[in-house]
Each structure stands twice: as structure tokens, then as C-alpha cells.
């Protein structure tokens, strides 16, 4: 099985980190092709950067999906998610989407702990777009930066654990998602200090993507997620233009 | 990995069928212990039968969960689901719950095709309890009975495919769940005649249960899904009484 | 008129207390037959205990409903409510259901004060299942235990009044429900210290059950609350098995 | 016990009819004082007429509530309902409000059959204001006029029964409300032809008003339903001006 | 263009103030005819006063709308709004309605700052009736009175600015409405001290009313906002009676 | 006043048509600078094309907003709307957003008539993201193409009028939006054949944009619509990169 992991920002380091951790989670027998956005913000911390990333993810899909069995959109917040699902011939899973649905299996109410202040509003709208607002206990954006994590891991873990505990004890969460590439792999290290399950968004995403590949569900040929109606375009990569207008 | 599959009705044949199909979906390396309800309706087609089944599932859990890594509640409609999640030391997944969340990854709107007229109302309420009403396109209860399927498979498949097509073409579904033990394993046989993905509820349930076991999320120690507050009881099996009142 | 009062837990003392208070509220001319669950938890403080109680209530109904005009399910949280309504030939009213609908007549927003920490989550979901989430101001689980009430009545009343006042003054409630058997009959004693109406859940339940009996609404013969489709069963009492499968 | 029945339109005949039927439902021991609006439309079939009726109901309350234990607002649609609850020292119940909450005890989904085409939209908004939209199956405005009922009772009853049946069989209603003064008392005559309970809005209203009087819930002294903040006024009746500005 | 501004309370001073400020906002070329309610509370601070004002606004409309191109209902809370829209041959805009919809263009979440404690509950219900509850961050009723504003303008402005800041910084508002006649014209004076846009409800109302007049949308001839079905009435002004029953 | 009109697709003809009609609606005194997307689909009829258009609109904003007082995003469906509002120093209004909020002033329920089958699903989600699902009566995608309109105007108008009538008469709409560039200017020509107001999406958008400019609301300096946190980028135009990272 081969998965395409799209990191829609333009920082190669993060893509590499995601690939490394994703391979750990996936185990042998799953090949992971990891690609970055060709253009856009270094990291995604605004609505504007997310909108650009949606386009960048489509370009990445068009260029790299050939031969892949499923796609993981590996930016917590899932920019361009439904456009990717529409365009792609194979299943696409978003890291935030997969985490939210998994969290719903684990608790009646779930919370999200992530970095980047603006993501609180953006993720609240994202969860609403999934129809899951009634299951969302809270979003807390108190995560350490990648640099802080590297420099003082213990302190960063303590801070994360404290946030997750607050989600459970003050906000009523029965499951907590550690969201974002920067926090990938840390859930397991703080779980013992949190009274409810802690979900790693990358692990949730990888498992859901593998499951989607194994299910071999057929690509829709009708409805709003069937391949796009053929339309000519301008100024796009050859690959993307061809996907938008297959018959040209 | 060992999974406990609970069929909360009292028909052994169905339990065996579920076990057979579940082993196919799970593949080697996953042991499946399949048990039936000790009491209750032969099959579950009413609110009353479902309420009894919730208790029967708890009894089955108490008696058989030892040594299992996760539990699949294998009645589409998931009677007793959150009580099981609360009581069980290992993750519990419901077949309907898993199917609905998977369907949400596959389409903006999903439908359910299942048997048993009363399930339409019961499932509508179940989907609402998940917070997913806004994503539900329709529920159609036009499935053939197990007997009809056995007798005239081709005709039954044609009937199911027609229902699923109607969900997509008339109701706007972008994914359709074939719900119920009786329909387990048929999704793949009708998929080519339906313009959107068709999900087998047993396969969705098995995969989500395996994923839950692999994730090794910790049992909650706080919140409404932590182990039950210890309370004495009367008239229950030894095993269930002990789970409700661990210290006795 | 004869009412069946089902206390679905297995503590006879509570059943007797409920019966006593219920007779006060009902006045002469209403006979009250009060029964306990035959099996299950001593008191209901978890999802698991509530699921078992739903079955126990069905058994109690099957055994004792003959000759009754209506049924009150007298556990605040109403385990098995809709299954009872389906199965019963006469109207069934839940104590929590009746209280919530009455509270809606008394205020735009209502709160619940009850005992048992886990009930906060369980009642929030119950209110949501009624469609009344938008009218719920808060749930506070700070009630004294029955033992505390007996030992120090004044202090317990002061504690309850303070909780109810907080619902009104901090949470915006315009009516407060004192929920649960243990608090039955206390609403009137604290009302003067609370700025909004205080509703006794047992009184609300009794009045709604009497009204249901007087209305003589016909049992549904169609829809999801008509008598159950006949299905054979195993391991149930004769009475319940007969109700599930009338023609056997 | 003395109840004030306010018919907020200006047709005395309807008030008399309502009083007659209300006395039947209430039985001996309940005195019913029935009053009409002093101004406004002959019958209420528009948003404008309903807005005027809200004021007329307040005037009727101010003039006639002295000595009454509770108030029934007897126009299906309940114009001025929450203003009346705020102003009145004793409980106020609306005929539509009481019917909707009673219907929720009788079925998961309910419908309304009433006269007056515009009421479909107005009642949909009213039900939404109660928070009960998720429980509303449908509203059908196919009722005969009072004149038609008088002239050809059998045909009118057949028409009503057909509408109620359609609510159950086509719209999924598990209880149907016959709403409006003109249909008061007819529910019992068509019930046998309808597969789900049929609720008479006047009977529902009377019973809820009696219950409210018997409960002796205290008038709120805080929150948005406490007596109005004292404000001077102009152009109102002495009685209403005095209620708005008690200290003048 | 000529606009009718209806102040549905009975305080001429406020009407004059509204007219003055409205003319500033509208600029030359827009004639504003401002009228007060003929009866009702001096100012509207309760549900009862608002219900009366709904009728008074209809009377004002009937008497004064001839020759006007659109109508502004200039009481924040919009008593009688949809009745006016129904009855009026020209467009009617409510000050609160216009402000809420404008606020939605300015921010994902909006708050309201207004005077009168009871308005918090009343406006929450109003916003819900618009379907906009999910966009409402908070309502704060901490505004100074008109007298306080006149006496100590700077202090009043500081108090308002602090409230608006709290809406943004504590409640998550991305736009704040200064609601009410008494605060008309102050938004611009505090905007620099608030981190999100501050909307003057009168300015929002005037602009929306002018836009409605310019759009020249046709009066509905079908649906629930077409002219009222003709019904005779009693006790109303000639003008209003004629609008309710055009053919008489 | 100078407005920037962004047509985020790549068809210059449509941009010119929009500019022409927009100038008619705006009248003298309003300068309109109209620009197309630099890349993307020729017209937007899929989720993928819309995602690309969101990026293209940001590029257009960055390049052309200097000196403009407000921005109209002139693609019905508003791709990139909240990203534009975040990034832009002046107000941004979407054509669909403005139309929906205006429609809410005109009717309790509104419908949309537009072209492009996939837009039905996309607009349903868009309206949900505004929080306005409860006010949406229906979406009908039966509009003629631009070519059909040009070739046979009368027939196209008749088809549109029939769709709008169906929205009112079958779906319950009290206002109908003619959505999309291709239908701009046609609302007035069919209004007389439709029983409820018909709104031109371009006219609604232009008026709301002018109003936004005139209101001179300050750019947010806090919350999720303040200017983006400064982040470096790669592969974007100079102008857009500078807006994302002002201090570089």
C-alpha cells in the first residue's frame, strides 16, 4: 500500500518530520510518499494561509497522487479537504477530520489542544462544518512551539498535559485531540497524566487513511464528490489543469 | 489481538454468521470471540427489544471481556453503546456508530439502508444522538430478509442496489451504509451499481474496533465514561455485579 | 384511576418513599401501585445501571401493568422511556420528561438540580434527546444524599436552596427542577428562598401521569410507538415474553 | 379554583364556545371566567392580527385576572404568551404551548392540523421558539371552517380524520394536535380513524392550566419573567397601566 | 425618497432624537418622517411593553405610511417586526434585524451592548428567531442611561468602550452592535478603543432601509408576508382597520 | 468611492459583464475596478475550482486593493471569503453572503436559483456556514447558461421565472435570490411573474459593498479577522507575500 501524505505548507522540515512519524505509526508494508506545498506560507496560522494551502494541496495531489492508494492531508484544519476528495480518484482523509471522528468514538464530548491562536476560531468553524459542534467541549491553543518542544521537552510535555487535563476537568472533555504536525507523537508521552484518552492527530489520520485504502470504496460517479465537471483553466500546473479538464 | 464481538440478540445463527464475516474482514492475526445475548428477543426490531439488548450486551461484556483488547457491539443501532463504553476496561465500538463516522469521511451526506421498518425512527434518533443529523440524507428500510437473501440472492442484491441508488439519486446521499448483520458482506457485491461508496456496517465496525485496539488509548479515569461508581446490585450475574461494584 | 409507579432500581425503601409522596401529590381517588426493579443496581448512578434499569422497567411493566390506567417511570433520567411507551397499552410518562416539559411552561430557560455526579452528562444527553437543549440553562449535581437529608434537614435544604438560587442568578434559569426520588417533596420547602419557580420532579411526574390517564388518548396503532412487532424471545419473564410476542 | 380564559380575538361567539367546551373538560370545581379581546380582528389569521391580539390579551389580563388562580390563553398560536407570563401574578398557559409539550409526551414526532393557511408559517416559527422544531413532523392547514363544521359535521370530521391520518402515515407524526378554537372538542370524535393519538388543543390547554394552578409555583421575582420593571405609559387602560407601573 | 421612522414607544423626545440622528446618517435627499407610538410604555424594557409596542407600531404604520418608500422600526428589539412586514405595502426594516445581519458581514461572531437588563433575554430570543444564535457571542446590558450620557458623556463613553472591549476580548466577538435609540450616534466615538468594528444600530437600520427602498423589491403577493387576508375588526383606528380589511 | 470587484475565475468576458452591470447598480460617484483571477478555472463549477479561486482572489486582492474603499467578491458562493476579510485592510463583501442576509430581511424563508448542478451542495454548505440553514427554503439549479440567455432571452426568462415561482409555491420561499454573474440584472425582468421578491445577487452585493464602505467601520485589530500574523511564504506574488508578512 502506498499513501500520499500532503503537508500543504512550504516547510520541508515539517514534511520530513511528519513522514518520519507517519512511518512509525503505519508500520512496515505501508509506503508513505510525503510532499510539501509548492507555494504558500511557511506554516499555516491564518485564514489566508489556509486558503492558499487549499490550492497548494490540490497542486500536490495532481502532481503526486499517481500510484497512491489513499491520501492524507496532514495539516490539522484540513485546508481544501472537500475539494481534494472531489478531485482525487482515491480516498482522501484529513488529519483533523479523522481525529474528530475518532474522538467521537472515545467520548461524548471532545476537546482540541493545538498551537496557533487563530486556529481556535478556524477549528471551531471546521468542527461546525462537520456537524459536530454539539460534541465539541473546547479548543485550547496553548501548545508550545516546535522550538520550545525541542529545547525543553519535559517542560513542553508538562504544559501540554496541563492543557489536556484542563480540557477534561474544566471543560468536560471525555477525549482530547493533540492537533498539529508539531505535536505529532507526543500524545503517548502525556497520556498517563490526563484522565481521558489523548489522541495524536497524525496517528488518527494515518490509521484512517490506511483504513480508507483497505476498504477500497469506489470513487463516486454521482453527487458533489464525483470527479469535477470538465472545465478549462489558466495558469495552473499541467497536472492540475489535466485533472480539471480530463478530456482536453 | 483478540476482539470480543457481541451480538446482543439471542439467535446463535446470526452470531455465527457475524463471526464468519468478521474474520474475513479482520484477516489473520485477529482472534474474534463472538457471543450472543443470554436473554432477549430473537432479533431486534423494536425499542423494547433494543432496551433489553442493552442489558444483555452488558452481561455479555461482563462475562466474556477478560483477555480481549477491544469490543465490537454488532447490532446495527448499537443498543447499550455508551453504557458498554463506560463499563468496559477496553475500547468498545458500535457497528452503527463506526459506520456513520466512516460515512462522514466518504461523503458530506450519507444514507442508511437497513431492514426492519421500526429501525427508521430508531436510527434517526441514534444519528441525532451522535450529533450527525445534519449529515444524514435519508434512511430507507427496504432490505430483504435473511431468508429472502438466501433464497434469491440475485434478486435481493438488485433490490438493495436499487435502494442505495435511490439514496444517492433522490435523497442526495454521497455515501450509503448497508446496515445490519443480515446484510454483512453484501456491500461489495452491489457497489458497481451504485454511484457513491457503499459501506458494509460490519466491515466498518471491525476496522474501527481493530484501530481502537491498536491505538491503545487509555481507559478514562474521569468524566462520564470512567468506570462506574461502585454500587451494589441485585439479580444480576456474578460477573456483571462485580463490574458494577468492584470492591465488594 | 389506578397508576403504576415503576421505580426501576432495586431499593424497596425508595419505592416506598416514592409511593408515599406520590399519594400525597395525587390525592384521594387515585390508587398508586408502586413496584421496584426485580434486578439491577441499588440506585442508578451510571450509564450501565441505567441501561439495566431500562430492561428492569420493562419487566416491571409487563408484570404489573394489568388494570392500570397509566404508568409513571419514577427514576429521574427515565431509563427505557421510549421502549416503555412502545410496549405499554396505556400511557407512560417519565419523571424527567414531565419535569422538563413543565419547566418549559414556567420559564424560557430551566435548570436541573440533582444528585449523582455522572447524571450531569447523562441528563444533558437526555434533554438533548427531547430536543430541549436550547432551553436548558444548566445542570448542577450538588444535592445532598438521602442520608444527609435525614440527618440534617435544615442544612440540606439550605444547600439545595443555594444551588437553585445559583441556577437562577448565575446560569439564567427561570425555573429549576429538583430532580430525583431523594429530593421528592422538598421543592415546596425551599421555594421561598429561590427567585424562580422550583419544580418537584415527582409532583410533575404524578400530575402528568394523571393527566395522561384522564385524556384517554388511544394507543398508537401505527408509527414507532405502536405495539412491538411480534418477535419470539429467550430468557425473559413469561409476562414480558408475552408482550413481545402476543400471538405465541 | 378559578381560571381566566382569554380569547384574544373579538368574536364573542367563539369565546362562548370555548367557555362551554372548557367547562366540559374541566369538570365541576373549576370556575371558568371567559373574556374576549376588547379590540382587534374578528378572528386571527395573520401576523398583524396576532400582534394586535398580544396587546388585547394583556388588556384582558389586566382587567380580569383579579381573583383567578391561573390563565389560559385560548388562541392556538398563543399571541403575547411570554408577555402575559411576565405580567401576570399567576401562571399563564398557552393553548398551543400546552398542546406541543403534551404531544411530545405522546410521540417522538408530532403534527398540527389547524385552519387558516397563514398559520402554517406562523406556527412553524412558534414551535421553533419553543425549541421543538426537531420534534415537529408537519403542519397541515386543511381544517374546515366553523361554518362548514356546523353545516356538514360528518363531512368535516371525515376531512379532519383524513388530514390527521396523512400526518401519521405520510409525515411520520406519532401524535397529532387538532389546533384552534373551531376544532375544540372534535379530537375524540375522529380518534378512532387515526393510527396515533389525537390531541384537542383546548383540552390540553385546560388540563395544563389546572395543573399549573394546583402546583402553586411561586411567581418569579428574578429573571426575565419577574414582574415588569415599573414604567409609566400612555393611552392604555387604567388596569394595564397600573400593572406596568405598580407604584404610580 | 421618503422613509417612515417608527419609534414604537410614547416618548416624543426619543423620537426627535432618533429623527435628528437618522437625518445625519441618511444625508440629503432622504426625507424622514418620524412618529411615536400613540399608546404604550414610555420606554420599552419588558416583554409586556414590547408586545404593546408591536400593536402601536402597526397603528403608526397604518396612519403614516402613505407616501413613504420604506419603513424603519426604530426600537432595538423590533417589536411587531414581521407583522409590520406583512401589513406594509413597502419594505419594513427593523433596527436590530439590520444590525445583526450587518454584524454578520463584519465578523464570524458578534455581540450586542445595550441598556435594560431584561433585554438580554429578549434579544437572545430575537437573535434565535433570526436563526443567528450560532453567530452570537454575547449580549451585555451595561449601557448608561440617557440621563447619564447627557450628564457625563466622557464617563459614559468610557463605560461603553469597556463593555465593547470585553465583548471582543472575553466573549470572542468580532463585531459589536451598540443597540438602542439612547446609544445612537456613539459608536463612532468609541470605535478607536475597541479592537473590532462597532456598529451603530440606528446607522445600520437607516442604511438598510434606504437600500430596501432603492432595491424596489415588489411586495409579496403570496406566502406569509403577502398582505393580510381580509378580516373585519373592532376597536382599532380607522386606518388600521382598513388595512386589515381592505375591501370593507 | 472606489470599489474593487474581484471575479475570481479567469474569464475576462464575465469580469467585463459584471463591471458593466455593477456600474449600473452603483450609479455615478462610485468607481469600480474590476479584475479577474490570474489563474484557475474558466468558470467555477466544482469544489476544486472554488478552492483554487479562493487563492486567486487573495492574489487579486493583494495586487489591486490599494486605493479601494471596499471589495466585492463577485462569484456567487464566495470562495475565500473569510480569508479575504482577514487579509484586507478594507471591508470585503461576498455576493452570496450579501444576498442571503438581504433575503433574510425580505422573507422568513428564502430560496436560491442558480446555474451549475454542483453548486446546490456547495451553496447548502455555504448557507450553513453562515448559520442560516433554518432560513433556507431550497436551492434550485435550473438556470439557463449564458449562451442560452443570449440566444433566446425570452425563453430563458420564462424558465427562470418558473423556477422562482416554484421556490415560492412549492418550497415555501418568501424571497428568491437569482445567484451568479450570468444572471446578473435579470431579476427585475422576471419579478412581475413571481409572487415574492426576487433579488439580484450582484445588486445585493454592490449595495452591501457600498454600505460597507460608507460605514467606515475600522479594521479589526483583534480576533480572527485582524490582519494575519506575519509569516514568511514561498512561491507567491510579491504583493501577496508582503501582505502575509508585512514586516519583511
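Letters A, B, C, D, E and F name the chains as they come in the text, with residue numbers starting at 1 for each one.
By definition in this document, contacts are C-beta pairs under 8 Å (C-beta built on N, C-alpha and C of every residue); 3 or more make two chains touch, one makes a residue touch a chain.
Predicted, not measured: the structure shown is a model, and the values here were computed from it.
Each step here moves to a touching chain, and the least such steps from chain D to chain F number 1.
Counted by residue number, the contact pairs of A-B are over half the same as those of C-D, the matching pair from C-E, D-F or C-D. Work out the mean CA point of chain A and of chain D, and you get 53 Å between them. Chain B and chain F have CA centres that are 44 Å apart. Mean C-alpha position of chain B lies 29 Å from that of chain C.
Multi-chain contact residues of chain B (touching two or more other chains) are listed as 82, 108, 121, 125, 128, 133-134, 172, 223-225. Taken as a graph of touching chains, this assembly fits none of the simple shapes: it is neither a line, a ring, a star nor a complete graph.
Two chains count as a pair here when they touch; such pairs are A-B, A-C, A-E, A-F, B-C, B-D, B-F, C-D, C-E, D-E, D-F, E-F. By the touch criterion given at the top, residues 82, 91, 93, 97-98, 101-102, 104-108, 130-135, 168-169, 172-175, 191-192, 195-199, 203-204, 207-208, 211-212, 214-215, 217-218, 220-226 of chain C touch chain D in their complex. Per the touch definition, chain D reaches chain E in the complex via residues 10, 38-43, 45-52, 54-56, 58, 80, 82-87, 117-118, 120-122, 125, 128-129, 223-225, 228-229, 231-236, 240, 243-244. Within the complex formed with chain C, the residues of chain A that make contact are 108-109, 134, 172.
Those residues of chain A whose C-beta lies close enough to touch chain E in the complex are 121, 125, 128, 133.
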